[in-house]
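Right after this note come the structures.
Common to both upcoming complexes is chain A, partnered first by chain B, then by chain C.
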Partner chain A sequence: MNIVQSAILDPTVGWLILAAFSALWIALGWYWGRSAQQLDDYVLAGRRVGLALGTATAMATWVTSNTTMAAPQLALQMGVWGMLGYSLGSVGLFMFAPLARRIRRLMPSGYTSGDFIRLRYGTVAWRVFLLISLFYSLGWLVSMGMAGGILIHALTGIPYHYGMTVILTICVGYTLLGGLRAVIGTDFVQALLILSGLVVIAVLAIREVGLDTIHAAALAERPELLNLLMPASIMFLFNNLLFGVGEIFHSNVWWSRAFAFRAGVGFRAYMLAGVLWAPIPIVAGFIALAAPALGLNVPAADMVGPMIAAKILGTTGAVLVLIMVFAALSSSIDSLLAATSILVVEDIYRRHMRPDASAAEMRKATARIIVGLGILTWILCAPRLTTLAELLYFTGAFVASTIWPIAAGLFWRRANTAGAVLGMIVGSSAGLYSYFAVGFYVAALVGAAVSMLCVIAASFLRPAQFDFTNLKEKHPSEQQLSGRPSVESGVSA
Partner chain B sequence: MLIAAVIAASGTALAEPVRLEADTEVASAGYFQLRWFADTAIELQESPTPDFSSPRLVYSGRDKARVMSGKSDGEWYYRARPTRADAAWSNTVKVTVLHHPIERAFGFFALGAVVFLGTALVITKGARERA
Partner chain C sequence: MIISITAFSWLIGIALVLTVAAPLILLGLLLRDRKKGELW
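Up next is the complex of A and B:
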């Protein structure tokens, strides 16, 4: 059912904007991807990405539809702490900075986060991790596919399924054309669009409505949103921080960038990206608090961001929001498609099915998997089962359980396989239970806490003595060039 | 029969009343969504009592849903009807807002702080030692 009957943009205008920017992303994808011939060029942009592009891609990838649409949703549901709490997602970028440096040093020929878990903890841990990582990747993809449909429906009235289909199709298209090189290049352009668009909208929102009016109306109509002691929002704070940390620590989206950046770039790129990203959800969230002052009806919480921008700024603002969120969606969907396809190709296709696959075969498989992911995402987006935030935070129970296996695994020799496996399984289960028993705003926190206990307890009861040089594994494509066998070792399951 | 036919043709009192529903009966974070099924513009009323003795107009328009948020603890009653003068009211929907105890909130906050600080410690200590 289409619940918005008061869209501000004419559907024809919406279609024109989508067509124009779709053509732009496809053209850029083709342009930047045309030199990506080797597997490393296609999946890791040749491992030579510098600081400017590195920072832009980290920031743009982390500015997802969730930043621009779920942040306002959380401000509308959780109030001031919802808005500020969302910006704690930048802590994940800051904390990953030293990890990125360590990963690049320990695994100069690494391809995926799965490679690390396999070499560090063995096969059982690796398979549990893959399940979690793929489940999260799919959840994130679905949340963004949904966001595309919701955004376009909110602003133009175009039915949800049409908008969702267009966005998924375009992102699959240019990711296929150019691989990670195209993804990073388009991220840079998308980052500029996102930042400039948000600044304009926020400044105009304050000028049009006024802070006093926003405050008075929110207090009258939705008083608990301004209550700094609202219990659910207090519970949300560290949950969101740990969710962000878990997302970044485990996801191949960030590991692939750590491998793709030139040596020495990763630490600075992630720190800078965190600084640039942190204000964005605050600005986006703040906009939602203007809903009462504007007398705006919000049919679904995840629509509030684009609807407010359109109401304040009129047709021009609606166009700006459509462009900006389309850019945010594209920059994240393409990254996810690229990173998830590498994970599937390396860790499932090659390691489980075709160990002798050539680089050309793997490149072909990568392309097929990108298309397959796009189709699967569409199927899961179609029924629109829940809101953006609730879908996203459902995956939080799982991803937060990987924080300690990864962090301890990179820096603690004594962290062992049992702790990692228990941490992920028991942590995920506990987080999932708390999602239903208490609320989505505690699932990641509980998952991370239980996982931490498991890893620490196991490490002290039966400490391992891991040799970090065991992580230096050559990829088969490099072995073919050098004529030497790979170093395949690590703690056995 | 003639009278019934005239009334049906004019599309008034025999029209099906609006159906109203909420996505939850108990809201522990102060927010919930109301949805209604109607082909015309509606008006939506809120009341702290089931008899709607002092109702508040919450929304009037053509959308099909509304998110309520920032509500304080209490019982809230809702009804809707098309904006025509003689339209019948929908079913009444009751939502109870019951926020989590503050002690539970601070408990989770403290747990989160411990996990965050522990993680930060293992990373900074490990990065310094390895450097």
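Up next is the complex of A and C:
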């Protein structure tokens, strides 16, 4: 069946929705970012973000298109544990909360996760870490760009290249206009849209079908979905947990927020974001369990969410899903563009190429890198190679191998360079081997376990005595910021 | 081991209540931060 013919919305309606929300994001991005001229204002929102915006941005960024589309798919394939396993992605947010507090306290003038690894473990570990982090960021960007094109095409019939181009162009546009302030501001609105849309669909699903009927129909037709002892689902649960922790611990998306939040906000913002995020995959997922009760034939499991929304709510349901998906994609792509651009500028441009770069030059370079990343992502998404999107799954092994070097490095004086380097290299290799030898559901698990052994063994064999005050590096560009000190620098969290 | 209808209803119910509360909590915090001058 041609997907354009099976699209649940008319392309004209799709274009109108995309145009309306694109105009809104650009206008809000310009409005919030109009005063972000200085480097810190542009890349770290002035380091003064409060609890409300901090919580919303952490939550919305972690709600990717996968959360709203793959959670129903997993519920349909793995049942109750599928949606509960996805929900454990919130553990990463909870566990990062104390790290965010410590990062803000130890590095009040820091810019990137790369800064931490360089100062804590030295150049070799820093370069290994940058390879992992940039590979992951690009993988996430490409998978989101492709998901945008594919989902917009599936929902509205708008050709893949048009949808993918629109989502990337709009995100580059407002991130360029307002930097992290625009990203965080729009994330708040996007969080409200995602949550409201989800509530409407879930409440109407319960009212139209009923929890009793959903449970009874699933029990009669697919009882394995309600089985709490489904082995593959339990493996998925643990792997997903560690993958999520690795993604959050290492990525500059989360570190840049730790630097951007006002002193004392990081811990509470990440904890609350975890509490508010955890139920989303369950609410999005249980809707899929209504498929047997509705007698719905689902040809592609990844489209079960929109199909059920459209079945229950008609065109309104499909419109709601499109708005939610557009908001979820935008809130992740903009964050990746902002966080990856400063990682490239600070850790590659300034540290490797232009050590004397002024704040104004770094501000200009950040804008150029945002555009460059957008173009590179478009080029990689254009051939629509699904194998590229699948690259993100490989990264589970890589990112999980960074959990221990980062956590131990932040809290444990004895953690040393050899352990961190070995942990990342040997952990990634072992995780990757297990990915091919056993399956995707063990890659992160093995990567994290081997990395843990390396970090702990090396630290006991040759313990370091790291002085944490070494992390309080004075950023040279601070002194060039029109003579004003960095806001709240030195304030203890 | 099949999840009972009671446990299933509680699971979905709690998740739904939290999801309904989330936008209200965020808006409440936004107003509070704005009042204290701590929005940005």
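Going forward, the second predicted complex is superposed on the first by the 441 of 493 C-alpha atoms of A that agree within 3 Å, B and C clash if a C-alpha of one lies under 4 Å from a C-alpha of the other, contacts with A are read in each partner's own complex, and residues count from 1 in each chain.
In this section, a residue touches a chain if its C-beta (ideal position, glycine included) is under 8 Å from a C-beta of that chain, and two chains touch if they have at least 3 such contacts.
Since we're looking at a predicted model, the values are computed, not measured.
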item: Which superposed partner A:L229 touches (first chain B, second chain C, both, neither); value: both
item: First, second, both or neither for A:V199, with chain B first and chain C second; value: second
item: Partner chain(s) touched by A:V80 [first = chain B, second = chain C, both, neither]; value: second
item: Touched partner set for A:L211, first chain B, second chain C, both or neither; value: second
item: Contacts of A:R262 with chain B and chain C, given as first, second, both or neither; value: second
item: Chain A residues touched - chain C or chain B, whichever exceeds; value: B
item: Which superposed partner A:R351 touches (first chain B, second chain C, both, neither); value: neither
item: Partner chain in contact with A:I280 - chain B first, chain C second, else both or neither; value: second
item: Intersection of chain A interface sets (partners chain B, chain C); value: 223, 226, 229
item: Complex interface listing, chain A residues touching chain B; value: 1-6, 76-79, 91, 95, 98-99, 101-102, 218, 221-226, 229-235, 237-239, 241-242, 245, 297-301, 304, 403-404, 407-408, 410-412, 438-439, 441-442, 445-446, 448-449, 452
item: Residues of chain A that touch chain C when the two form their complex; value: 45-46, 48-53, 55-56, 59, 80, 181, 188, 191-192, 195-196, 198-199, 202-203, 206, 211-212, 215-216, 219, 223, 226-229, 262, 272, 275-276, 278-280, 282-283, 286
item: Chain A partner contacts - residues on chain C that touch it in the complex; value: 1-3, 5, 8-9, 11-12, 14-16, 18-20, 22-23, 25-27, 29-30, 32-33, 36, 38-40
item: Residues of chain B defined as touching chain A within the complex; value: 28-31, 33, 35, 59, 61-67, 69-72, 99-102, 104-106, 108-109, 111-116, 118-120, 122-127, 129-130
